[in-house]
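Both of the next two complexes hold chain A, though its partner changes from chain B to chain C.
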Partner chain A sequence: MHRDLGRYIYGYVICAAFALFLFSPILWTLSTSLKQPTEMFQWPPVIVGEPSIQHYTAIIADKDFSSALINSIVVSCSTIVVTMALSVPAAFGISHLQKTSMRRLLTLVLALRAAPAMIYIIPYFLFFRQVDLVDTKIALIIVNTMFAIPLAIWYLSSFFDQVPREIEEAAIIDGASTLQVMTLISIPIARSGILATAILVFIGSWNEFLFALTLTRDNAKTAAVAILNFMPFEGTDWGKAAAACVLMLVPIVVFVPFVKKYVAGSTTTGSVKG
Partner chain B sequence: MRYIGILAVALGVAIGGGASAQQRYDGVKIKILSTNSAYDLELKKFAHEFTEKTGAEVQFDLFGYAPTVQKVSVELLTRSNSYDVVYLGSEEFGRYASGDILEPLDNYVDMKSADVQDFIAPVLRLYNKDGKQLALPHFAATQLLYYRPDLLEKAGIKQPPQTWEEFRNDCELLKKADIQCTALRGQPDTGENIWFWGQVLYAFGGKYFAHEPADLTPTVNTPAAVEALKWYTDVMTRFTVPGSTSATFDDVVIAMQQGRIAMTVEGAPTAGRILDPKLSKVVGKLGFAFPPGGVSGRFPPFAGQAYVIPAASENKAAAAAFLQWATSKDVMKRISLDSTFVAITRSSLWNDPEILAKHDYNYGHGSFAATYAETLRVAPEWYYPRIPEFKEIGDRLGRALQEAVVGSKSAQAALDDAQTEAVDILKRAGYLK
Partner chain C sequence: MAYSRLNVSWALVTPAIGFLCLATFVPIAAVVALSFVDFNIAFPGKTTFIGIYNYTRFLSDGRFINAAFVTFALVVMPVALQLLCGLALALALKEKLIGTRWMRAASLLPSVVPPAVGGIVWKLFVIPGVGGLSYFASFFGHNFDADLLGGKASALATVIIVSVWFGVPIVALLLLSSLDSIPGEIYEAASLDGASWAQAQRYISIPLVLPAMGAVAVFQALEVLGIFPVIFVLTGGGPAGATEPLNFYAFLTAFTYLDLDYAASILVAFTATIVGACFWFVRRISAGRVGG
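Entry: the complex of A and B
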């Protein structure tokens, strides 16, 4: 009994220490965002002295940052729509390929994503400049979609793999076309996996920095890039930068529990009665 | 033929430069890529005056420092015509000075005019390549010794250190008096620890190359360089505030501003932040002095910021007129009086009573403005070697400094490794066989 309790406590202590290590930068950012400027570099440091939302009101009033935040929302939501519209049929198709050799397409799709994004920067910049799409949200949506599709297909095909073939076959026997099987049978059954994938696509697009930095100027700048504007040459405005980081974290904090729920849960629980 | 060329240039200057203030550029839109620093933000406010004078519209795209550097790199290296005026820090000048990337200003601006000669000479020379002026600087930075006379006195120190050895000895005395001596840049980067490091290297008798520009054999591991690094390692490990191993200029400024240290050598333009009345705990307590030196002399770190015209710009004449206006004495003075900007590049403004009244700090231990102006007067324009590859070499050397400070390598081993890599970089670039 004592031994079990010891193990139990030991496990929790290790987990708590690890969680503290992981979350301490976030907690520091949160605390900085609520501090008065005079408390920010106080020594010895204070966690939060007199909490203030002045940095939040300042960045929300900052037209440059608020329009960047709207750009991030538009780009991320559009990336979800386009990515899912292209990935769902592709993943459904790959999931239903009969030959093993053809299934290797999936590895190929992922291999395309394996190259570091850095090598694409100059070619993409030149291309988008040529077609006059630099500093447009469309350019970012295209690039984010291109990078999201391989991963989305990979995730989605595994969710479609879990859809019982018996149900699909029954629908086919009843006269359903392949499109009907996909839209009326497989997608509803795999919806939690599809939703989880959509959230992951959103998070990827929301946090994307490298292409947003290169392909945007003033009009299509996203929040991830706009945060850097609080770091001018003369020195960082830590309060605003921290408040902006916390705002950027909000959708992640909201959506991540859903991903956990949907990915961890069984896709097809209760689909077929045994 | 030669005379026709000279005549053409003279004509060009007469049309493009001398008359630029009056010349009309109706319908032209000048697009500017720069940082959101105090100078640019103020300039943006005044830009309508340039439009009224010349008819040219001005559009500013201003970003934080890091994104600006990245965007400038992409725009210039891809020979983009998207911008007509672009920010350029002197540490990056070598990357773009060759290869017809930048438009020489000699065709548009009379370089011998009294107006241009008013720029502090070394600052102007930072942006000169083979006799061609490629930019007009609006920002000139050096470093100063900021010190607390009260704390030095407590430790029995009568005057600020004149040499780096004295700096270390003073740190020893401060430590004995239980006073935290200093904070110095430790972040491994050409713009961070290497900007500080150069002055120590030069003062100890070292240099980056055998004989720049004729012989670019790296000399980063000579006995003088090793001695300099031993000094740096010793000070960083024994006398700096915790976290200095990766400290940026921001961390150093905050340590000084919050009264945590007795002295530091940091950027002169940061004085406004160190002494910001809303945040600072050291207002009225600081002294200002020339940075320490060594057997070879004193070498205050030196860097500039300027506006350049990309060669691909389609509005070069209008852009040149904008450059002249944006860096003119009148505009610079107004910006300085309206903001925290103090990195003035014009000699005449350093004697201007209004500027001095606003920006000079003097608490009885040296005038900030006089010390700053003096460092600018003697600052070596070769402080950063001006080859495109220096950024890469500097970053590698910055890592070597950090390796020695954290103790993963000895000073000699860290610099030997950096030397090997510097040789490889220069061979790859074709400077060495």
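Entry: the complex of A and C
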């Protein structure tokens, strides 16, 4: 069967077709971001003429976009910190509960993620308006944390499950407290899983659009929303928009290889949905 | 219990679960309550109970009915196509041919692109005449300059394709992990019996991966309307509401027309339907598994 020609024809044809479908829009954006304005709407279209980084320098110099980029970084990193501070102990605890209560809690955590994110938008908007937190990073951090916790607990508890119980018990016999076991033994052993979870939390927060759109105006706008500045009602500046898209993709492309095993589960159980 | 000596205090679990419950149940209760009152954001003091009035408005709201159909189309079509294309891709990736292994990792990219960025990327790709699509069409000698986002049917088709673009990598990855768990001996036995590669796929791979597809379908059905940002950027719900699903309509009702209570009732109906349908489907497939 391994010599079967059908296997090779199918494999290569399908891979080529999907590579074209999945990557060509992104490559086209990359190419647009490097084009001179005169090449942009040339017929027939060109992939690259004389590459220029003028759009990148322009959007970095653009105060609105660069401050939004900083907001995105601040919000995403703060979301990681808050989410992990809440989820690591919770996941450690859940992983050491009895089987039935553990399953019940995990099911609850997952079920909470079934509702589409849109259902939360009106109450959160009214709440943050009431407490005067609209257009602040704090509001976004709270919302992103809320969406990240189920995902984080789900993954972290499975990582804590993999920590050998014998080591933890040995420490207990030596007189360690629960907190000491967690901080001195289990967290160091599970650190690569914790890092992977942090990256997934970062991606979810970095990509978040709906709440950043409705809960911010000017001060706390994140890059995912500020990118629309380059697409006003008339006359989109495609060079800048494309360059902004490419910049937004940089952390994703850098981080995803580290978490590719977990991405499938994360978008289906954790990330922010419309 | 072997681990009872490790005294897990509920203090570890409570902060996260407590925050989660607070941040989830209270807002949902608030939305449900809001859908039964007459609420004006400028005069919150004048809120009055109006029962199911908002829900009766659905029947005479043509835009709601249209949005319900669009929602149906934007759930069923993308999920069906994602499963089909995802299976096709997973079968190819399973073979680990020379030169295709990198596709296993790289094909994930669209699924982790920020949705708003995905919307811009596709908008740029389909610009009539000068976008990437026209460029590729020119390879085949086509002078392709149709305005895909201008017509109702073509705009809906474009949104469906973008939705497939976002979802296929995840579906392929999930099905691939299911395919990878099929023992190699089964294929060897089939091979000894003279089965071709195509027959092995038809009679081994596909039947064995089929049960996993049900679960994947439910995940994706819950996930697929997350393309709100894409619709926001790509079509804005247009032309003439052709790509306006219920969550998009509710968003506009709330934040453009400021009719918050009606928007709340749309969201409650929308969420109840989607989640209800998925639970029904999950029960059906799990019942089928027990019976079969």
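Here is the rule we use: the second predicted complex is superposed on the first by the 242 of 274 C-alpha atoms of A that agree within 3 Å, B and C clash if a C-alpha of one lies under 4 Å from a C-alpha of the other, contacts with A are read in each partner's own complex, and residues count from 1 in each chain.
The definition used in the following text is that a residue touches a chain if its C-beta (ideal position, glycine included) is under 8 Å from a C-beta of that chain, and two chains touch if they have at least 3 such contacts.
Here the structure is a predicted model, which is why all the values come from computation and not from measurement.
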Chain B and chain C placed together on chain A: clash or fit? clash
Of the two partners chain B and chain C, more of chain A gets touched by chain C
Next item on the list: Could you look at A:Glu234 and tell me whether it touches chain B, chain C, both or neither (first, second, both, neither)?
Entry: first
| request: Would you check which partner chain A:Ile70 touches, where first means chain B only, second means chain C only, and both and neither mean what they say? | output: neither
Task = With the two complexes superposed on chain A, say which partner A:Val134 touches: chain B (first), chain C (second), both, or neither.
result = first
Thinking of the overlay built on chain A, is A:Ala115 touched by chain B (first), by chain C (second), by both, or by neither? second
- prompt: Who does A:Val254 touch here: chain B (first), chain C (second), both, or neither?
  reply: neither
Exercise for review: Would you check which partner chain A:Val225 touches, where first means chain B only, second means chain C only, and both and neither mean what they say?
Suggested key: both
### Query
Just chain B (first), just chain C (second), both, or neither: which does A:Pro37 touch?
first
Report for A:Val81: first if it touches chain B alone, second if chain C alone, otherwise both or neither.
neither
Exercise. Using the superposition on chain A described above, determine whether A:Arg217 touches chain B (first), chain C (second), both, or neither.
Key: first
Among 7-15, 61-69, 79-87 or 97-105, chain B is struck only by the chain C stretch 61-69
Chain B and chain C footprints on chain A meet at residues 41-43, 121-122, 125-126, 213-214, 225, 228, 231
Within the complex, chain B is touched by chain A residues 37-38, 41-43, 121-122, 125-126, 129, 134, 213-214, 217-218, 225, 228-236
Chain A residues touching chain C in their complex are 1-2, 4, 6-8, 10-12, 14-15, 18-29, 32, 40-47, 86-87, 89-90, 92-94, 96-98, 105, 108-109, 112, 114-127, 142, 145-146, 149-150, 153, 165, 168-169, 172-173, 178, 181-182, 203, 206-207, 209-210, 213-214, 224-225, 227-228, 231, 238, 241-242, 245, 248-249, 252-253, 256-257, 260, 263-264, 267-269, 271-274
As the complex stands, chain B meets chain A at residues 33, 35-38, 61-67, 70-71, 74, 77-78, 80, 82, 249-250, 253-254, 257-258, 260, 269-270, 272-273, 278-279, 305, 340
Counting only contacts in the complex, chain C reaches chain A at residues 1-3, 5-10, 12-13, 15-17, 19-21, 23-24, 26-28, 30-31, 34, 41, 85, 88-89, 91-93, 95, 97, 99-100, 103, 105-117, 120-125, 127, 129-132, 134-136, 138, 165, 168-170, 173-174, 177, 187, 190-191, 195-198, 200, 219-220, 222-223, 225-229, 232-233, 247, 250-251, 254-255, 260, 263-264, 267-268, 270-271, 274-275, 278
